[in-house]
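Sending over a structure as structure tokens; questions will come in a sec.
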């Protein structure tokens, strides 16, 4: 497997870049892969697109060029997201790209960078995230999975859950407790675990879309080399918490809601509800919400363009986007009438799938920081309300 | 307390007790889970038990071999079935009997096929020409498991056997693991034809029974959610101690109590023999409340459970999927608000 | 001043009773008094109606007959409320009738009953309620007003606030701290204070309706006889907290919302918004809410009729009623268009007063137990959620 | 950063600073309170200061003796005035100038009289016949303090003196202590008549400026509420530590940030000279958000303050009353949703 370093596109004008990306998607997105899929695809399905991106050197727009990324500005990264979304390209298994890569680049040893980054770029390593546990959901620092140093090896015991596409991954990074005597945030380390190590078991979990999106991962006396620790011993919490600013912007992008609103319109036309004045008034409200969300989103992107730092208030985007997406999907259920509960899309048209949209919208307010946790944070960090 | 009230309350208690025959007392849902997406989506043996208990004809008068029960009793029954997510097509079968006023035992499992279009309560499009029917009925719950259909037409309610010539049935799975059928008839000859006088009343009753089923499932899954809030711990305390969740749980409770009152008052309105417009208005009102409450409960159930609420293996999801499937059956809230508004205008 | 004991109406059929009340209102409500007034009336304005009720012996439908009341069932009391509301009769200064009378009947000494009850019936004593303080709002038990026994007298120092129509009253009952060494609920006593006692000062507070509905009342070394204590020393909290079940039902009666919805309809007709399908859809939603509230209210009245006790869940009525009233009044602001902000009613017609309704609806979610406090109580007492 | 952007940001900063001339820096509202329900409801001396600063003609080009400022600057100005609840009729007077494109100094205090009916943005009903006007203009803010009116008619914008023959002005108090006038004209002779070409644009701009005024007052009273939540104690802790209030305060904050972005993007759309439909759609969108946000803030302000929030002597109420008065000025949310929907359909 080889991959090409990307041409340097950092100085290309945005409009030109957009056209380039659009053409690339049209020409290189595999013709036999699903477009506009409502569910995530598995590695076996999405691999050809991953490799096409890899060959062009476009897999990691967010990484610096010296590590094999494109080194793009947030604005250009957004253009790629938009254009791939426009073409309906499937999302690849991107945890290594979005989460682990940047983390290793900041906190990994030279050896770790040299070993792991190229294998992400080539598709040899597909990563899962091992943060959540059955009793550490919103309270992430409550991890119980334990790692004990035994000679030159860490011995890991415990359980992780909600690993997205965990059954596709061959590596997982985890937070593990390495000191039980200090306060909970201070005794956590960040470890890299090959999933073919003896003692690792994966159990896929079906979600409400009847899709095995998540997995539970069990660790039973799993031994890994001492060198698979990233950063300092007991320094894992700080590493894991540092999210890059622009990722916190992108997670609030209006794309999901915009797609859903287009689907709502299509569904209303299909079921004859379009034109009903009460529906149209509700539709306009949703459209106004979407446009104002887009305006707010643009104001953050503008800040990124100007190189300003993004504050905690950025989570407003994610809260509002995810809840708007849900409201639109709930209106879709209404509009669908008797067809609301159908398991498959109407007329086989993926846009006409009220139940699918309804279910797909549910986890957006739960994962990546639940709306409740985000409101807690906003209340304290932005409004300065007391504990 | 006047003696009639006593009787009614006693009847309601008895019918609730009787559902123990088909609803696990401990809330176990393994049968329900296993039944999903299998064959017809329901168990004919359990349906037969329901028939034996007389539930299919519970709204027919005793002289017509019915149980002669009121809507208060019927709603109590479907509330319990909803709490247990019982998938067998009681409402569809009881509707078939109520539309025809007849004992349909010879037609096997017979369910109602009344609906002409989505987003409408209309049922009068088809006609019977020369004793034969041509046309389509849509959105027939649990049609694959039925032997025959009570087809509502402008010319009467026709009993049409599934295996009759000129009859074609298509079916799609619904989110709850049951199915919706489309019945295409081309010159189909009915087994029998009954007068259509009772169809409007029968549809109102089935609508209200469905509202009560939704209320039953909403109440049950809300109780599960409250239990979860009491036991699940985060940040060193039960999540049910967080005030924001307490207030939202209270908002759900308020809607549940409104739904309970709305359904009970609609049942009382029907049982008191109020005028047609008043009956239909009360039914539309109750269906709106039950629909909206079920969807509110569904949303909060998933959100309050967090990630586990979005897994299929956790039972709460079974209730969510049933709510999604039933919320628009016999009319979405939009459809019923429209009807209620029209009746309001009429009354003014 | 004399007053007649009422004829015994307890066994009259409800329909007949309703007609009797209706006729009484039509014939006896003073012709020169305002009807359907949005604001409370002052004593000087409402006195003729108070006295008319008193003369007929109908002032205190909730009191037992032996104390000069009508001894009516909750159902019959509701009929009176409904029929007086229908005629637009003003609400009288009723704190003595609704609050103090029943409290004295349960907890007062024979002497207190004999002295105070007749003076309420005659209109000689107009009572104010002295519970709230500037730092004891929702947290009512945090009272700081102090009463110290000095010989045969209580000496009172402190401040009460939000006394409804306090500037009309000549007596006030207060909660005062009589023991600072115990936990806060356990050191409170219930005292009766004449407002003409030296050291009592009243300062009216204008509300947002620009009406002096509330008063602050200051106590500066006010001396009252020892016998003005009701119940036990330090037993005041229990007395004050015991609200009669049926009053908790009545406070959630759909009347305010029903009136507001009728006003919304009238206003929509006047401003030409009626018939707009989007408005009509929102109107139907409000109407459905109102009808379901009425159904729920009826189910509680039915319980009262059957003599059942009313649980903590009854506060659902008050929460939903007050919030529905507010939503209706907010829709009135919308419908009023450019006239929304007018200080006076449109065309001089009290029904066409969006701003008035909007403001009038505000305190209903604050006083008598705020919606927040009530939700706390429901969460714990009814849902059993933990502290 | 391109130099134009720099200039705009600098202009916005300067205009915000300049409002210190009429807005107390410490948030003191005693003048605002004292002004209410007095004479015209505003202070002519302060209005004169505003005129001297050139604000009345800030939207006119420099060659027409205006300041030539963009909507970004105008919105920054009204946002500050809103935060200070400044009652002087800047928007009405600036609208008069913008509609006519003229220096109206000789007409004294001249405010726009454009509106024909409630719940409509229509302004073309009146005509000028033989140089005279007969008819009525309604809902004219602060009319009692004006010397003349810029009357929008199908035949041009006429400057009509208040004391001219055939002119009659009636006025009513509004909740904020200002007034709304009704101007009846019977063969009134205007002082001058200007072309009406700019009226539609001018109205969009005044609408957006009003949205920004509402946003300014919403932000200010929300800050007061947050302060109150931090200091007011109940049950032994600051009420702002209660999670239910924290989450609701966050919901208000979300709407405020949406309003900020909506208004800024509408101002940018106007300043960029986008097509008419895009401009009007952006303005309608911003006005809807500002209206709804102001009313949300008003509701939560009173509720979170509790009893004291319902007293007139506490300053929060001044903001609530202003929100009630302005939320439908230049169109309620319902009016603007309708316009937005129509423009959306046009664009499709």
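A, B, C and D are the chain letters, set down in written order, and residue numbers restart from 1 in every chain.
Note that a contact is a pair of C-beta atoms (placed from the backbone, for glycine too) under 8 Å apart; a residue touches a chain by one contact, two chains touch by 3 or more.
All values derive from a computational prediction rather than experimental measurement.
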Q | Of all other chains, the one whose Cα centre sits farthest from subunit B | A | D
Q: Could you see whether C-D or B-C has the larger number of C-beta contact pairs?
A: C-D
Q) Roughly how far is subunit A from subunit C, going centre to centre by Cα mean, in whole Å? A) 55
Q | CA centroid of subunit C to CA centroid of subunit D, Å | A | 39
**Q.** Inter-chain centre distance, subunit B versus subunit C - centres from mean C-alpha coordinates, in Å
**A.** 43
Q.
Can you compute the centre-to-centre distance for subunit B and subunit D, using the mean CA position of each chain? Integer Å is fine.
A. 53
Q.
Please output the residue numbers of subunit C that touch at least 2 other chains, ranges allowed.
A. 276, 278, 280-281, 372, 375
Q) So which bits of subunit D are touching at least two other chains? A) 242-247, 337
Q.
Touching residues of subunit D toward subunit C in the complex: what are they?
A. 115, 118-119, 138-139, 172-176, 180, 233-236, 242, 244-245, 295, 299, 302-303, 306-307, 309-313, 317, 320-321, 324-329, 332-335, 337
Q. Which of the residues in subunit B come into contact with subunit C in the complex?
A. 1, 226, 229-230, 237-238, 240-241, 243, 245-247, 249-251, 253-254, 257-262, 264-265, 285, 288-289, 337, 340-341, 344
Q. Taking the complex as given, what residues does subunit C use to touch subunit A?
A. 276-278, 280-281
Q) Can you list the subunit C residues touching subunit B in their complex? A) 280-281, 284-285, 287-289, 291-293, 295-296, 298-299, 306, 313, 316, 319-320, 372, 375-376, 378-380, 382-387
Q: Quick one: which bits of subunit B touch subunit D in the complex? Just the residue numbers, please.
A: 242-244, 246-247
